[in-house]
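Order of writing sets the chain letters: A, B and C. Residues in each chain are counted from 1.
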Amino acid sequence: MIKNFNNQKQIMNIAEVLLLAGMLFVLYLIFLWVPEDKRLGIVQKIFYFHLASAWTAFLAFFIVFVLGIIYLINRNIQIDLLASASAEIGILFTTLVLITGSLWGRSSWNVWWTWEPRLTTTLILWFIYIAYFLIRDSIEEPEKAARISSVYGIIGFIDVPIVFMSIRWWRSRLHPVVFGEGQGRSRGGMDQDMLITLLFSLAVFTILFLVLLHLSYKQKIQAAEINSIKQDIRHQL
Amino acid sequence: MNNFYRAVITICKKELFLEMKRKETISTMIIFSILTIVIFSFSFNVEQVEKKILFSGMLWIMIIFSSLLGLGTSFKKEQNNNTLAGLLMAPVDRSAIFYGKLLANMIFVTFVELISIPLFLIFFNFTITENLLLFTVFIFLGTLGFISIGTFLSALTSYSRSSDLILPVTLFPLSTPLLIGSVKLTELVINSGGEGYSPWIQLIIVFDIVFLIIPLLIFEYILEA
Amino acid sequence: MIHFKNLCKKYGSKMVLYDINLHVNRGEFISLMGSNGTGKTTLLNLISMLIAPTRGDIIFNGKNIKEDNINIRKKTGYLSHNSFLYDHLTAWENLKFFGELYFVKNLKEEIKRVLNLVNLYLVRDEPVYSYSRGMVQRLSFARVMLHRPELYLLDEPFSGLDKDSINRLYSILRLLIKENNTVIMATHNKKHAHLLSSKIWNLNNGNIVNDETTNINPVTTGVDGE
């Protein structure tokens, strides 16, 4: 997997072109093609970014979890660098979820923040993975940092569903309204055009994630190499 | 398995023994608990506010913050003379270290609770007559979960330069479900509604079990010197 | 007894040990020589399973230490440059704790035996923080011997000791050799290495550069060549 990552530059170039085209196409779908929501109006369009960011963040943290297990088994430091790249992007998209959620809340309920279950879970998720980097950066030896953050990435992810359940139960009596989908639409779920737009949005965000992951991973590999060269020089002085 | 059990007891005994000699951790935890009570009474004007609303949250804040003091030192104190390496070389599965520490921390915190919770009730002039048994069980289940994940994270963060800062930052988000569940259950017991316990009990038990069993599988990876 | 197969250990990008292939026979006393930072302690840590190798295997009595690590830990005693002792416990309490951790039978007699060997029996009820450097080192040695390991790993056992303590340690080491134990000792002191060991390994740049056999019979030769 790592080898493929390094060697197949063409694939990345194709992915980047695909990403650019996809982004333009999805922007067209969201802002020009898909009809406006009848009740929520234009602000509903943020939903395509909100949900896609949430999906990407979740995917990123799932990858951290899987790579954590793989690292503990094979101890390849590159696996850990990939995991940390994924966690970093996960935090980025979690932040986007929080911001778009807050904008949404402002227009729907006239408040900047609401303790709605999914949004609250996202906030906790944000804290969990910020702590991932706090631990990681406070351990000097790379192997130790890799091992500890792998273990943390595993438990962090296992904790997420429990956090979600607890927060949902916690809020359920106070806010029975479910956020996002289901509002102002016919009872069968989403409008078909909206669903198509959403699916495209998810796909483009996933490609964006993979391209970012690749870039961040390459950058981390180079940083590690520079560090080791610096160390060698320090030893020789 | 028998050896495993014996090693757990040996390590727990050692912890208790060290604490009996030094008395640092437990006494600090008790003093801190009482201080929390005093701070609450200053900040919340408990004379006038309906106590039932605040009680459960205040109680758990007291428990959690005082436990944090004990958890913070749990693995940090093995750094002197690198005694942790001595434990790691013992011919038992390394998770025995975790369970020994867990048991000891549980005993410390329970001991502190036996003093701090009655004091809490006295200072706030609060009585629990009905459901005292349930109250105790819920406190125990909540404490168990918190100490399990806390002991685990105490080991995890013990390698970090600034473990004192990082332990709470990792512990609080990860233990959110437990805090929500424990506060809810205590609230329900006090207001003696008697209904709606079951989802919260399930939640806490699931949390307890998950964080009692996961260390068995991955604790070994934390403690390589 | 122990076999190193292509053993490598990397810290970050730094190769501390590189491709070590060696064999230790039962009853051998091996001195690991080399200046600081050449990986002596790393090798001992690898054998004691405190750290995992980057590559390669260590075979102990025909078994890979990755697979049978609990049994092998039981047969290993490691005198590190850290004492592994609890400062606030007494010598007796420390040994009792470690004895129970290693499931030592007849623990009381065994503790008495090792405390007498290192001549600390009289101060057994004093806390370790009141001990001198030499006494701590001797007590660590008692801890290592308590569970009667087959393999002793000693990291600079003589550093910081006065002549008396060194002599005492010599007699203990000679006893270990007489009982046909295997010892791997890291030291940078040539004299100790030559007086005690049957083999000397020189570590340089992460590899063992030469493997010389000394002609000295360590059992009969003392520190002063008595």
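Everything below uses one rule, namely that contacts are C-beta pairs under 8 Å (C-beta built on N, C-alpha and C of every residue); 3 or more make two chains touch, one makes a residue touch a chain.
This is a predicted model, so every value here is computed, not measured.
Undergrad: What kind of graph do the touching chains make: line, ring, star, complete, other?
TA: complete
Undergrad: Out of B-C and A-C, which chain pair has the most contact pairs?
TA: By number of C-beta pairs in contact, B-C is the larger.
Undergrad: Using mean CA coordinates as chain centres, what's the subunit A-subunit B distance in Å?
TA: Centre separation, subunit A to subunit B: 32 Å.
Undergrad: CA centre of subunit B versus CA centre of subunit C: separation in Å?
TA: 39
Undergrad: Mind checking the centre-to-centre distance between subunit A and subunit C? Centres are C-alpha means, answer in whole Å.
TA: Between these chains, centre-to-centre, one finds 50 Å.
Undergrad: For subunit C, give me the residues that contact two or more of the other chains.
TA: 52
Undergrad: Which residues of subunit B are in contact with two or more other chains?
TA: In subunit B, the residues touching two or more other chains are 224.
Undergrad: So which bits of subunit A are touching at least two other chains?
TA: If we look for residues of subunit A contacting two or more partner chains, we find none.
Undergrad: How about subunit A: which of its residues touch subunit C in the complex?
TA: 75, 141-143, 224, 227-228, 231-232, 235
Undergrad: If you look only at subunit C, which of its residues touch subunit B in the complex?
TA: 45, 48-52, 70-71, 73-74, 76, 78, 80, 82-89, 93, 97-98, 100-103, 143
Undergrad: Provide the residue numbers of subunit B that touch subunit C in the complex, in ascending order.
TA: 3, 6-7, 10-11, 14, 17-18, 21-22, 80-83, 85-93, 224-225
Undergrad: Which residues of subunit B touch subunit A in the complex?
TA: 152, 156-157, 159-163, 165-166, 169-170, 172-174, 176-177, 180-181, 184, 199-200, 203, 206-207, 210-211, 214, 218, 221-222, 224
Undergrad: Spell out the residues on subunit A that touch subunit B in their complex, using ranges where they run on.
TA: 72, 124, 127-128, 130-131, 134-135, 138-140, 144, 147-148, 150-152, 154-156, 158-159, 162-163, 165-167, 169-170
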